[in-house]
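Below you'll find the structure, written out as structure tokens, and then a few comments.
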Amino acid sequence: MNGFASPLAGYLLVAALLFAIGLAGALTRRNAILVLIGIELMLNAANLNLIAFWRFGPHPEALTGMMFAIFSIAVAAAEAAVGLGLVISIYRHTHTAELDKINRLKG
Amino acid sequence: MTTTPASVTADQIFILLRDWLAGFLPAGLRTAADVVLGVIAIVAVFPALFALTTVFERKGLGRMQNRLGPNRVGPYGLFQPIADGIKALIKEDVVPLRADTVVHFLAPLTLVVAVFMEFAVLPMGRNMALVDMDAGLLFFFAMSASTELSVFMAGWSSRNKYSLLGAMRAIAQMISYEVVLVLSSISVVMIAGSLKLTKIVAEQNQYSGQFPHWYVFTPWGVAAALMYAIAATAETNRSPFDLPEGESELVAGYHTEYSGFKFALFFLGEYLAMFAISGLGVTLFLGGWSAPLQSLNVIPSWVWFFAKVMLCIFVFIWVRGTVPRLRQDQLMNFAWKFVLPFTLLDLVVTALWRFMGQGWLRWIVCTLILAAAYVLMGRFGLREERMGRRSYRYAE
Amino acid sequence: MSIAETKPERADGWNRPPVTAPDGDGELLEVSMGPHHPSTHGVFRMDVTLDGERVVRLKPGFGYLHRNHEKIAEGAAYLASMPYTDRLDYFCSLTNNWAYALAVEKLAGQEVPERAQYIRVLLAELTRIQNHASSIGFLAQEMGASGTPLMYAFREREKILDLFESLTGSRMMCNYMRFGGCRVDVSSDWLDATSKVVAALPEFADEFEALLTSNEILMARCQGVGVLKPDLAVNAGVSGPMLRASGVNYDIRKVDHYGIYDRFKFRVPLGDHGDIYDRYMVRVLEMRESIAIVAQAVRDIPAGPIMDAKAKIRGFRPKPGEAYGRIEGPKGELGFYLISDGGPNPYRYRVRPPSLINLTVLEDMCLGHNVADAVLILGSVDIVLGEVDR
Amino acid sequence: MSPVFYILAAITLAGGLAAVVLKRLVHCALAVTAAFAGLALLYLQLDAQFVAFAQILVYIGAVAILIVFAILLTRGSDLPKEGVFSRTWFVGLVIAAAVFAVLAWTVVQSLRGVPQQTAVPAVAVRDIGNMLVGRYVLPLEIVALLLTAATIGAVIAAMHQKEGRQ
Amino acid sequence: MLGEGILKGMLETARNFFGSYVSKERLTTVEYPEKRIPAFANARVFPFLVYDGSDSLGGMRCVACQICEKECPPKCIYIEKSKDKKPDYVGKPQFYPARFDIDISVCMSCQICVEVCPFEAIKMDTEFELATDDRFGGLLYDREQLAKSNEYYHSIHPAEANEVDARLAEEKAKVEARAKAAAQAAAAKTAPGSSETPGGGS
């Protein structure tokens, strides 16, 4: 298994596992904040991929992967702010952050 | 440079010492040994400095208040910190019954570790930065940002309303002022053109005649240094921004429920943060380890660095001895309505400075803009406080 | 939502806004501040209900220092209560003495010799100076000023306490005044020392003001905070610097003409806003007026006896009747109400403590403010729990 | 593959896993912080200093704090009465496992025989800066706009609507 | 300008900081156990019992009249009157305190016992370092512990003690003069009994 033993594969596998963990969290937890945490984990897994590809890819001096990672971090921060703002505003309306109970369109 | 060999030796004494010690090891281990020795030096020097500073702070405050301060343990009370340390160590470690013990235990540790990391990039003398990173400034801010979570951990795990309120206040305050802290250093980065702290010092370590090129001696530098000082005071929770532990409201804030050694760790962490942030301020604005006059370069560079840091600490103490504490909303208003806009304006002025070229015109323009902005924003930016001196009437 | 903004439903303005749900969706947080909280003067408790950090209800709780003073006094001889009055407001034992002595003198119809009157005025104004200085120091302490103003205040207070000790034998528990005069006479050395101390005081007041008055942080914390409207102040019976800071010209020294205050030239400073800053400034200005009064008293003091010749220490039995003696204490109107049935003990003994009555408006001043302000407002009321709980 | 990599990977994955399975939300937030820190260290190991520090600054310094604040504001620090997992947790787990299987299979398959750069790329922060205001200036501006919009949006979403309610 | 007041305050603290090194006025601390402020002449702490001569119990002025016990506001004086009498300073037989205890932990230093005492027997001490680790008996002083000589009284309150001595001497002289007059009268009358003792005035 040549591909499995290479450093890039190691990082990619870690990223894949982290992504799966994040996905599992987002899909199985009740609390909206936990879902957001799961999404953050998935985004981070993607970032790890980007950096790993940049490091082991053909043209590191072009910085493409790194730039993507930087922008992704910035976007993730924005996503977290908006997402948590939404959770708080939903909590204000429904007095719960449990997703199972937030199942109506009407607030 | 007219330094004599003897003064060079004195200047580089710690580097030579380190190399000498590392020389006993096989060549392969030397780099690792260098780092380990550097870490040991930091871990030894700064807590010692912390111990001394606690005495000096108490004595200085005492003198400002016409008291003597601690003077019973050892000569001039210098051994007071040893007594305090022994007391902290043998004191019972009280943990609230319903506290989250693991988090409660981890909070002071993570705080102290993160704060210690900040010292890694500070150039404390010529060639005396432990890790001379390319993104040193960013590293510093990353580390200082990660202390906030420790504060939260302490406040939340204590299961005490005062602790939690103190922690929330501390975080809100630290985040608000961190923005200012970063932005005010950005103007230095703009001029020096690097995030590397040694490069920033090297840029300032030039002299026209005797006079050094420190950034604080420029209009934008003064403004940025002032804003940096305000933000640093808030970031380290010192008076007048010591709301998180304002004892008249919150007992002791997020470390209300800490005692014994864990409390001592918080105390250590707070002072180390103060040293680190003073060290960064010195590096950014006060020329780092460079001497204030060219002819004074015979005195070793690390002496200058520590002298400047202690000067900053004295200013911290002096301010603490003078001013009352702000209120939470006023603190936030001050950050967002005065300090942040002014810092942003200073960034613009810095750019102006950068592109106006040499000459006296930029001095006048930049000074005028900043002075006018300071006065106007001070008067109208904080308008809703409606404060001012009053006159009083008398009844006969 | 301070009471001043709502329309009073009762004529006396004592309608307290009910505590309802917060306007946000958070929950109300109830914090018990005290009795071991660092800023509640030792033994005071505030049950504060907070919406966020905003005070929506504040229940003062006191009685932790209750010592049964009034009932004990009804079982003790008149004189035996005199040392207990020292312990009411332990910052101002001499004015407490005076108020009690005044009440008993009214009851027994005793005259006080001229020299004793001057001594009383002198000591009362010295007491006022040190009380105001330290109360401002405590206020600054509550603001978090690391004790510097407090220490400066204490530095001057020590000098005044030295004067008290050299005259009365004790620094704080003076037990100096007697029915019909004073216990020991002042010497000319003491008067010299006093005039020396008083001559140095204006400089101290300047220093104090340089440190505090124009400090932006102090202004930001104090101005517009804890406003006490004059009508509420009058209705609640508030007195002293607090009342005058609300702009009501009421000083018992001017109103009652007790003692010999008519002979002194002094002015009564008044505030216009009734906030913490006005209370602070009124105290500073009163301090300066008191300095002038002391200087006049030292200059004019006549020779003569210091005790009413008819006064006797043992077997003192005033004729049946009742009397209310009140003075302008440093904290406000301090009154003693006595009923005599002709026996050696008062039949009824009642204190009107200014601290307690000024404290009753605490909630009205705190509502709608931050919890940090509540602490400050409490500090600006200038209470001493010994007097509140008695 | 160095042992350092295995340690860091273990920290990251353990943090992530703990964040997903722990009961108390605050513990989850602290665990996810550990995962973020582990990722930052992985970036460092990958010679991406700038990204690593940015990761710490943004994720530990800001996102973790945001999460923690949100937890406290929604009373999430109390233990939920019902279970912490949703009723359909099994489905989610299966999907996640399937995704991981596919990803892992793809990684292992596609990397076979692909040449990989092993030399450490010499990248200074200056280069990143130049790139940001040079080639990537448009994305930078867009991100700036996005951040501003997101900040305003978050503030409005979470703001007390006092006037509207009364 | 913003910050002006703070700068003014900082100058003030700096003035005090540097002043504390040069001026006594700005460093008022007296380091207590080593240095002390001399006690004021009027200072009062706790009461003690004055005796004349060298016999602390025999020369005690107290006649166990129990007025101070009655007048003491916190009721911290406990007196038991003796069964027998002994002569006082004018030679008149008086009771003496068989027991005279003051609970110093209750005493509030008000000096009322001193004021009401008709015999100048109880005075205020200036000694305040009375701390003890005996919780129960340590601060209950009996008459042996309370007895202090007239010389000691002179050393702590000289002016007041001189006044007291003069008053006592005057009284003694008055009593002696009256006794002499009575004796003379008795001598003049010669025969009738001289059993009448001169009434001690107070």
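Annotations for the structure displayed:
Labels A, B, C, D and E are assigned to the chains in the order they are written; within every chain, residues are numbered from 1.
Note that in this section a residue touches a chain if its C-beta (ideal position, glycine included) is under 8 Å from a C-beta of that chain, and two chains touch if they have at least 3 such contacts.
Keep in mind it's a predicted model, so treat the numbers as computed, not measured.
Counting only chains that touch, the fewest steps needed to get from chain A to chain B is 2. The minimum number of touch steps linking chain A to chain D comes to 1. When C-beta pairs in contact are tallied for each pair of chains, A-D comes out on top.
Comparing chain C-alpha centroids with the centroid of the full set of protein C-alpha atoms picks out B as the closest. Chain centres here are C-alpha means, and the one lying farthest from chain A is E. With centres defined by CA atoms alone, the chain at the far end from chain D is E. Centre-to-centre separation between chain B and chain D, using Cα means, comes to 29 Å.
Chain B and chain E have centres, each the mean of its CA atoms, that are 60 Å apart. Taking each chain's centre as the average of its CA atoms, chain A and chain E sit 85 Å apart. The distance from the centre of chain C to the centre of chain E, with each centre set as the mean of the Cα atoms, comes to 33 Å. Among all residues of chain C, those that touch two or more other chains are 24, 148, 152, 155, 211, 213-219. The residues of chain E that reach two or more other chains are 2-3, 6, 9, 12-13, 16, 28, listed in rising order. The multi-chain contact residues of chain A, meaning those touching 2 or more other chains, are 91. Taken together, the chain E residues at the contact with chain B in this complex read 1-3, 6, 9-10, 12-14, 16-17, 20-21, 26-29, 31. On chain B, the positions that touch chain C within their shared complex are 61, 64-67, 161-162, 165, 239-240, 242-243, 246-249, 251, 320-330, 385-390, 392-396.
For chain B in complex with chain E, the touching residues are 60, 63-68, 71, 318-319, 321-323, 338, 374-375, 377-379, 382. Interface residues of chain B facing chain D in the complex, by the touch rule stated above, are 100, 103, 133-135, 138-139, 141-143, 145-146, 148-149, 152-153, 156, 164, 168, 171, 175, 178, 193-196. Of all the residues in chain C, the ones that touch chain B in their complex are 29, 31, 37-39, 53, 140-148, 151-152, 155, 211, 213-221, 223-224, 249, 251, 254, 267-273, 277-278, 281-282, 285, 370-373, 375.
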